[in-house]
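Heads up, the next two complexes both have subunit A, just with different partners, subunit B and then subunit C.
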Partner chain A sequence: MAHFTKATSVKDWLNQRLAVEKVEKVMMSEYWIPKNINFLWAMGMVLVVTFALLVVSGIFLLMYYVPTTADAFYSVNYTIMREVDFGWLWRHVHGVAASVVFLIIYIHMFTGIYYGSYKKGREMIWISGMLLFVAFSAEAFSGYMLPWGQMSYWAGMVITNLFSGGSLHADGLVEWIRGDYVPAQAFLGRFFMLHVLLLPLAIMGLIGLHFGALRIPHVNNQDGEEIDFDAEAKKYLDGDKAGSKVMRFANDFMSKDMMVVGVYLIFFFYLVFYNYGFAMDPVNFDPADGLKTPAHIYPEWYFLWSYEILRPFSIDLGLILFAFAQVIFVLLPFLDRSPNTVPANRRGLFAIWFWVMLANMIVLTAMGKLPPEEPFSTIGFYSAIIFVAQWLLLPIITMFEKKV
Partner chain B sequence: MKNSSRRGFMGKAFGAVAGVGAVASLYAMKKSWDPLPSVKAAGFTTLDMTIYEENVMVTEKWRGKPIFVLKKSAAVMEKEKGNAAAEARNIKIGDDNFMIAIGLCTHLGCIPAFREDEGNFLCACHGGMFDASGLVLKVPPPRGFDIPPFKIDGNKLILGEVGPEYKTMKDNGVTL
Partner chain C sequence: MKNKEPIILAVVVFFSLVTYYLVEPYAHHVMHKHVDSENFAYADLPEVTKTGDAVSGQELIMNAGCAGCHSIEAAGMPAPMDAVMAAQSYGVNPPDLSNAGAIYDAKFLSSLIKNPAHALKVEHKFDEAKGQMHPMVAFYGMGGDIDQEIADMVAYLQSIAVKSEEVTPAMAFENACGRCHAVGYENWTQLGTKPKFKHEKDSLAYDIKVMEYQDSLKAYMGKLPPDLSMYIRSRNEHFLSTFIENPQNHLAGTAMPRVGVTAESAEKVIEHLKDAGDPKRHERAAVGMNVMIYIVIFAIFALLWKKQVWRDLH
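Here is the complex of A and B:
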């Protein structure tokens, strides 16, 4: 056993047993962040805060929600919304956060793509981030089932049908996933379990991996500059704070981070109190009915771009392209053949690639929301083709990129 | 050397035990997600086929799924003439002709709406269309409506039981 001495203070007592000072240094005061960054570097903390809001509001919803097909709808729309004091607050925080979290994830993702933060040693940051995106998508989808309204039911029907694999007709697999021929009690029960236990556990684990992946390569910076973190940290600790290219994570970086979080939270609670409607689909205020499809089924806005890639094609091709769209972002570090870790605006053709990708995904999102009629179907069709073509072109245009 | 081989043996022995346990528990987990016997046994629906009116689409329910029943008029039958795919799907009960199908789009399972004026089905989800015989008019659906297992019993139709007419359709690839 290690040697313990009589503690001189509470802190010393804890230090001897838990090395709290060492932990504080490793996690906060001597975790180094580059100085040349901008507000987009705060999105990680904004996501942490949003996830915390989801967990806390979810805990309160969980106490009154009843996961049965007979009672789910009323436990949400009557018990939680009408009877529970401030039940509406938890529901609206949960709904708005579930939508806004994807907006921030997309900003976080495109920031990473723009600044090349997935390259040269940062591949695992990117991959763990994309796994988080997948886990959040599954979490959002499973949560969307729980109010057991018309959109819940029909989104559940359509998405689980994707697993039949088109012409493969894996209907047995679809029935296995549902536990029934159609979404019913077995389906609601298992998606409830996934939403409140298994997927949140997976998300927390992946967040740990995502943070861990940052430790060795460190956070990227605005110029993609390769910083010698040990040398710069020494400079900082020796007193040359102004000359050093790095700063402490806490309190230096955190203070600005939390400033952005503060602005974000004002925007967030403005939505929660005055503009929550966008996160609450009116169709889902009708109880689930297996014999009546709503006139127009569409997913939440954050899934629209990939939904639109599915829509204009025959089922097999649609499913293949849809699967392609789901996984292709994970492969970005390997499809980008250029050695340059610099912002996109200094990378020639890649700059065009980046802005076309961003604009095209916005077009796909808009077309996915519109009914499947002309001219939207045609625009969606060409946008989907551009999306796929861009990914096929990426290795070629980056291979010929000049070294900056 | 002796020690390490002993450790190696223990490692392999544990691996074997854990492997058997892992496979067994995966099997149990898989089976726990299977549809329950009560769900599977949920039955057979019997329809009285004399109550339907021509060109009025009625939705019945079988195993939680909507079943389209459309009694075809002479005009529709005239249009179908010569179209082998449409004729093969026709279900004749007494003197009446029916289109009976699972009312789920074969694309991703939305319920297409019957448009009385056009006499066809339109799926709101992805714009797929089906004609009055249940054949695809417009993609993305990969095939016509699926036909549920049925048995004709006089003027009655039993959904869920396999009769000779259904078996012929299935064998000829008319339905899945």
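Here is the complex of A and C:
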């Protein structure tokens, strides 16, 4: 057993038991961050803030939400929107944050791809990040079921149908997932559980893993520079704060994080109060009706690109390519054969690969929402082929990349 | 080192806005046909050329038998039968005419009296040649100049109605829409506002009456007209306004009649739907402003803090 002495202060008392000073150093003041990074490196903090907004607003909504097919729609649109003080505010915060969190996730992802932040020891950061993306996707989808509007019901119908596996006709699996032949009470109940318990737990665990994965390889920087963190940290601690290439996480980088968060929150609350329509689809304000299919069924915007990889093909090929699109990003660290951990603009062909990937995913996103008619179907078809081809080409073009 | 942040921000904003434009305004523009407002002019109906006389209008209304189906509470004429029985007879409960002169367009009323199915744009449902008669019998005249007689009747209806500025959003909705559409969130049924009952038995008895009414309505319209509680969110203002103006423009062949409200009454109907489906809109505007002010101040302090911390780092 450790030796305890009479504490001289509250801090000392805590220090002897919890090593708070050590924790503070490890997590904050001696967690070293390179100086040559830009505001895109603050997206992690922006995501933490957005996730916190989701959790807090979700807790308030959970107090009044009723997870039954008879009362879900009413509890959301009447009880929460009309009766509960500021219920409308929590719902709009929750709905807008659920949409905006994906915008930030995509910015965060493409930042990682552009600067090569998944390479050379940072593979686990990337993989845990992609697992978070999957968990957030499941969280978003399960949450979308809860208001039990027309889009909840029909999106639930379409997405669970994917598990029949096309020609495999695994209808038993679909029924097992739904707990019924169609989305009904059993379906709503289990997606409610997933949304408020299991998936948030998984997300919190994965966030811990994601942060932990960052610890040993350190944060990447915008110049592809290899920094000797121990030497630079020593320089900083010896008083040469301006000359050192690194800075403390707190308060040095955190002050910049907060500045970016401040600007982000202006944008976020503007959306919450004045432009929330994009995050709350009008069709979902019609109560679920199994006898009335909406004219257009489409997922929320952040799933559209993968939906469009499914849609232009025959069912079996579509499902295979859809599955390909879901997992391929996870494999990025291993498909990129280049030895360079530098920004894409210094990597020759990879720079073209990056911008084409970004632009093509925006095209896929747009075509995924537009009705499947000409010319959108043809554009979507070729975009989906370009997407797959790009991933098949990636190992080849990066293998021949010159060392910079 | 050159500061690249402005250009990086420009790139992020550019791609975000392109994506937003494509999935929101552009996609909705492709998916939903745009219907222009006709300014509630009812241009397809003939102009009213005669000036009506309310006194002779009153006499005509008595003699033409309007009150055989319609109540005119303002003139002390009650409904000849209750709403459930009226719906069984006509499909839908005929409206009380007390404020018809204020809620509905005069030109529309004139055409309606003369040829209901035509003014209501339900001739695809009620074709006299096939023996499909509209439940409202057309007025064939009392022997004089029929256009003058109709002008007199409309003048009478206008004379007994409240002033148009006294029409409340609820009045406009209840008269023009509320005999077919329930608004559950406003406690409105097709029979009117559901009263508070002390005993559950009475409450259930009321519900049964509503269901009986709805059965007739279903048979008459082909399906039960939807509850409009959340329509201000599930549709939008422009859609609702142009739909009310002429349902056929949006949904050709629909059983919903053109109800012929004035532009002001249509605005009031929409106001009522906002009260039902978006009652916190004023609070949202007020709270929104305060939150924006707070968050801008927060951002300024965050910026100053960053500047202070980073002074030593360069």
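One rule holds for everything that comes next: the second predicted complex is superposed on the first by the 404 of 404 C-alpha atoms of A that agree within 3 Å, B and C clash if a C-alpha of one lies under 4 Å from a C-alpha of the other, contacts with A are read in each partner's own complex, and residues count from 1 in each chain.
By definition in this document, a contact is a pair of C-beta atoms (placed from the backbone, for glycine too) under 8 Å apart; a residue touches a chain by one contact, two chains touch by 3 or more.
Worth saying up front: this structure is predicted, and the values here are computed from it rather than measured.
Chemist: Just checking: does A:Pro339 make contact with subunit B only, subunit C only, both, or neither of them? Give me first, second, both or neither.
Modeler: neither
Chemist: Where does A:His296 make contact in the superposed view: on subunit B (first), on subunit C (second), on both, or on neither?
Modeler: The answer is both, since A:His296 touches subunit B and subunit C.
Chemist: Quick check for you: in the superposed arrangement, does A:Asn77 touch first (subunit B), second (subunit C), both or neither?
Modeler: second
Chemist: Examine A:Gly262 and indicate which partner it touches, taking first as subunit B and second as subunit C; both and neither are also allowed.
Modeler: The answer is second: A:Gly262 touches subunit C but not subunit B.
Chemist: So, does A:Glu175 touch the first partner subunit B, the second partner subunit C, both, or neither?
Modeler: A:Glu175 contacts subunit B only, not subunit C.
Chemist: Looking only at subunit A, is it subunit B or subunit C that touches more of its residues?
Modeler: Ranking subunit B and subunit C by residues of subunit A touched puts C first.
Chemist: Once the shared chain is lined up, is A:Gly212 touching subunit B (first), subunit C (second), both, or neither of them?
Modeler: neither
Chemist: Identify the partner contact of A:Ala184: answer first if only subunit B is touched, second if only subunit C is, both if each is, neither if none is.
Modeler: In the superposition, A:Ala184 contacts subunit B only.
Chemist: Touch test for A:Met157: subunit B only (first), subunit C only (second), both, or neither?
Modeler: first
Chemist: Just which bits of subunit A does subunit B share with subunit C as contact spots?
Modeler: On subunit A, the residues that contact subunit B in one structure and subunit C in the other are 295-296, 371.
Chemist: Under the touch definition given earlier, write down the residues of subunit B that touch subunit A in their complex.
Modeler: The contact residues of subunit B facing subunit A are 30, 33-36, 39, 59, 61, 63-66, 106-113, 123-127, 139-142, 176.
Chemist: Within their complex, state which residues of subunit A touch subunit C.
Modeler: 35-36, 38-40, 77-78, 81-82, 86, 88-89, 92, 103, 107, 222, 241-242, 247, 251-252, 255-256, 258-259, 261-263, 265-266, 269-270, 272-274, 277-278, 280, 282-286, 295-296, 301, 304, 358, 362, 365-366, 369-371
Chemist: With touch defined as at the start, can you tell me which subunit C residues reach subunit A in the complex?
Modeler: Against subunit A, the touching part of subunit C is residues 1, 4-5, 8-9, 12, 15-16, 18-20, 22-24, 26-27, 30-31, 184-185, 229-231, 233-236, 277, 279-280, 283-285, 287-288, 291-292, 295-296, 298-303, 305-306, 308-310, 312-314.
Chemist: So in the complex, the part of subunit A that touches subunit B is made up of which residues?
Modeler: 154, 157-158, 161-162, 166-167, 169, 175-182, 184, 186, 190, 290-297, 310-316, 318, 371-373, 377
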